[in-house]
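As written, the chains take the letters A, B and C, and residue 1 is the first residue of each chain.
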Amino acid sequence: MKAIYGLYSDPDSAQHAVESLRRAGVADDSISVLASQPYEEYEFSHRYKQTWLFWIAAGGGALGLWLGLGLAYLTETRWPLVTGGMPIFAWWPNIIIMFELTMLGAIIATVVSLLVMTELPTICSKVYDPEVSQGKILVAVENPADGEISTLERTLKGSGITEVKRVT
Amino acid sequence: MTHRWGMAVDLDRCTGCEACVTACRTENNIRIAGPEQSARGRAIAWIRVERYYEGDFPDVRVKFRPVMCQQCDAAPCEPVCPTYASHHTDEGLNAQVYNRCIGTRYCANACPYSVRFFNFGNPVWDRPLELPLNPDVSVREVGVVEKCTFCVQRINAGKEQAKAENRELQDGEIKPACVQSCPASALVFGDLNDAESEVSRLSRSSRGTKLLEDLGTLPKVTYLQRQF
Amino acid sequence: MDLATERKINEDLLRPLRQTSVWFFLLIAGLGIIVLAGVGSWMYQVWNGLAVAGIRWPVFWAFYITNFVFWIGISHAGTLISAILRLVNATWRRPVTRCAEVITVFALMIGAMFPIIHLGRPWLFFWLIPYPSERQIWPNLRSPLAWDFFAISTYLTGSTLFLLLPLIPDFALLRDQMRGWRKRIYAVLALGWQGTTKQWHRLEAAMQIMAIAIVPVAVSVHTIVSFDFSMSSVPMWHSTVFGPYFVAGAIFSGIAALILAMAVLRKALHLEEYLHPVHFQNLGKLLLMMSLLWGYFTFAERLTTWYGNNSAEMAVFWETQTGAYAPLFWTMVFCNFVIPFPLLAIRRLRTITGTVIASSLIVVGMWLERFLIIVPSLATKHLPYAWGAYRPQPVEIMITVATFAAMVLLYALFAKAVPIISIWELKVGGHAQPVLTPEEQEEQRELWKARP
């Protein structure tokens, strides 16, 4: 995939670069900001804040609850063996099984959704530069139109860097 | 009507001779522990005669109490077994399924009467002690918990005999090994659902008590207290 | 944070992965031998049956179940530090989270071995797993041991994922920084992590959910382990306080283990700039609180027993207070409460050395506590004719020692493969320099824009 990006040494310049790109008319979807930590105090980190993850986790938990109930009911009535004079299906011990499977459902649903939502593990190549892990912040425009490249270069350089890199 | 097997133990009659212990061992293929392993607490005795001494010499009184699996109706050993090896049959017996036991020994801990035993090793019978092994009773392998079954093999044999002869079971027809061998007739076995059986009568006796009754295990063995 | 500091953090925390001294290999070899001896002991036991162990009628559970409860207890370290402190936004937790989460995962793995080790027929342990068999027979879900299976599986899955999720950005860092065959492995483990805004948000949201979910699971796990005891009528087991008692004891021993791990890592990996005395002081305060809580629970349980004067329970009670188990009992009280209390309460004594001494004693004391809950009660059950004494055998001692060696071994190997301090979380907290007093922090705040 094609991308053009600049590496900034501090989050202030990166924020400046994002704003310049926006003023230059680049769509927000095409701007990627890569960093080695989440810079929560900066506006460029506040995009994509909405997430369904909490609802998915709750849904996973509900699924786990029903699985637990089903497991307990079906297995206990399959071979109805009397133990200790207790009823074949009793709520007290089965609530424990249901609780554990609820939490397991929530946890697994969260992790699976996380991987799906963040598109991990990636199969197709994505924009990246090893300098990011040394602390630089990468601001990229993905799939730019050919005619815009020089404009984008100027915009990115205007925020304090001298070199702009390209991925073809 | 389904049977409900129970026992009564007359503590007045028990002399502490332990014929019941020997008979049980022979009938049920109980492994031999030997003196060293017994000293380390590995001896198995499905029925044991507990001996309690009261008073100081020379006014010592000895009390004997045969204790075997009480086949509790609210058995604490049953719900704790993770594999259903210990469960209740419809004839009121607490079944121990050797094939299903994985040896967690939770049931043995939970039993307040300490009547469950664990096979610490594979059974070994030096010649000629393997000759009197009872073919009606399985030999338990290492890692399995076992206990008194009220000689369920004799119960089943008695029931089949009665069925084959097309008649009802008589009271006193089925005798577990301990009951059969007691010279003082201190042990009585029978059907608690049959109101006329001797064990039913004895369970209603005014001398009758249950062991550790306040734990709520609902044991089916009635102990008749000594009179003097 | 400027680039120079970022580079320094990367260098310092990756140095243990890049440089290996001969001491490391000696350590691994030594621990490996002990672990192998433990495995050999277990094989010996499986071959010969549990006759080689010390268990007997009526003490059917002893060392192995002690170890089981002990290690599951240790595993509560991670949950407390990682999850609870994350939920209440305690920033000092940042260098410590991964140390704690690793303890949790490995302690759980070790603890979960013991229900298999203590089985009479361990090759059939899989009957505890609810799988559709030919006979259509399933495990007894009324049994606390079946609850154990579900609880420990859930907790192990949850903690492993809780450890692995924040590792992804660090694997990406390792992918960039390392060379050769290790680079390829880290590249696979990093799953192609880039660090986009969306990825960071989703990761943080997922961590929040996991933290919320793992806390009740951890509480339930040790409660269910306590149910192994309280669901039977054994004297002094059938206590309603066991659930909270065990959870408090678990968190107690977990924090102690964490302090020990941190102190060793700080020395061995030269992490003095990242693990400061204030971390040990804060954990020391938590440890003090748990020590008081443990003392409170122990006192409440014993007072109730003594006051109730039930004959079966009193037999067990006196065995531990003045009888055969009294030396162990009073050692435990000294180790858990009497000596740690001044060490942790007096600020001048609450140094790294002080907390390490207290933690070592507490680890010993908590192991004794598990032993003293299990063995005296079984040795002194309802019928006096059925009382018995327990003596541990070499097999049990060897396996116990081997699990401690296994824990250290796994931990050392992990610290060699993965940075033991979570690099990105540390950077977010902005702690590249020594932690400042509150006054100095106020001055520095606007310079760093550090996240509270």
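What we mean here is this: a residue touches a chain if its C-beta (ideal position, glycine included) is under 8 Å from a C-beta of that chain, and two chains touch if they have at least 3 such contacts.
None of the values given here were measured: they were computed from a predicted structure.
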Chain ID, smallest distance between chain and overall C-alpha centroids: C
Chain-chain pair with the highest tally of contacting C-beta pairs: A-C
For chain B paired with chain C, centre-to-centre distance based on mean C-alpha positions, whole Å: 44
Mean-CA-position distance for chain B and chain A (Å): 64
Between chain C and chain A, distance of the C-alpha-averaged centres to the nearest whole Å: 30
Two or more partner chains touched - positions in chain A: 79, 81, 83-84, 86, 93
Contacts with two or more other chains, residues of chain B listed in rising order: 76, 79, 81, 84
Residues of chain C touching at least two other chains: 137, 139-140, 142, 146
In the complex, chain B residues that touch chain A: 73-79, 81, 84, 86-88, 218
Chain B to chain C touching residues, read off their complex: 37, 40-43, 48, 50-52, 67, 76, 79-84, 100-106, 108-110, 112-114, 117-122, 141-145, 212, 215, 217
Chain A partner contacts - residues on chain C that touch it in the complex: 1-3, 6-7, 10, 130, 136-142, 146-147, 150-151, 153-154, 157-158, 161, 165, 168-169, 172-173, 176-177, 191-206, 209-210, 213-214, 216-217, 220, 224, 424, 427-428, 449, 451
Complex interface listing, chain A residues touching chain C: 9-10, 32-38, 40-41, 44-45, 47-49, 51, 53-54, 57, 71-72, 75-76, 78-79, 81, 83-84, 86, 90, 93-94, 96-97, 99-101, 103-104, 106-108, 110-111, 113-115, 117-122, 126-128, 130, 132-136
Sites on chain A touched by chain B in the complex: 79, 81-86, 93
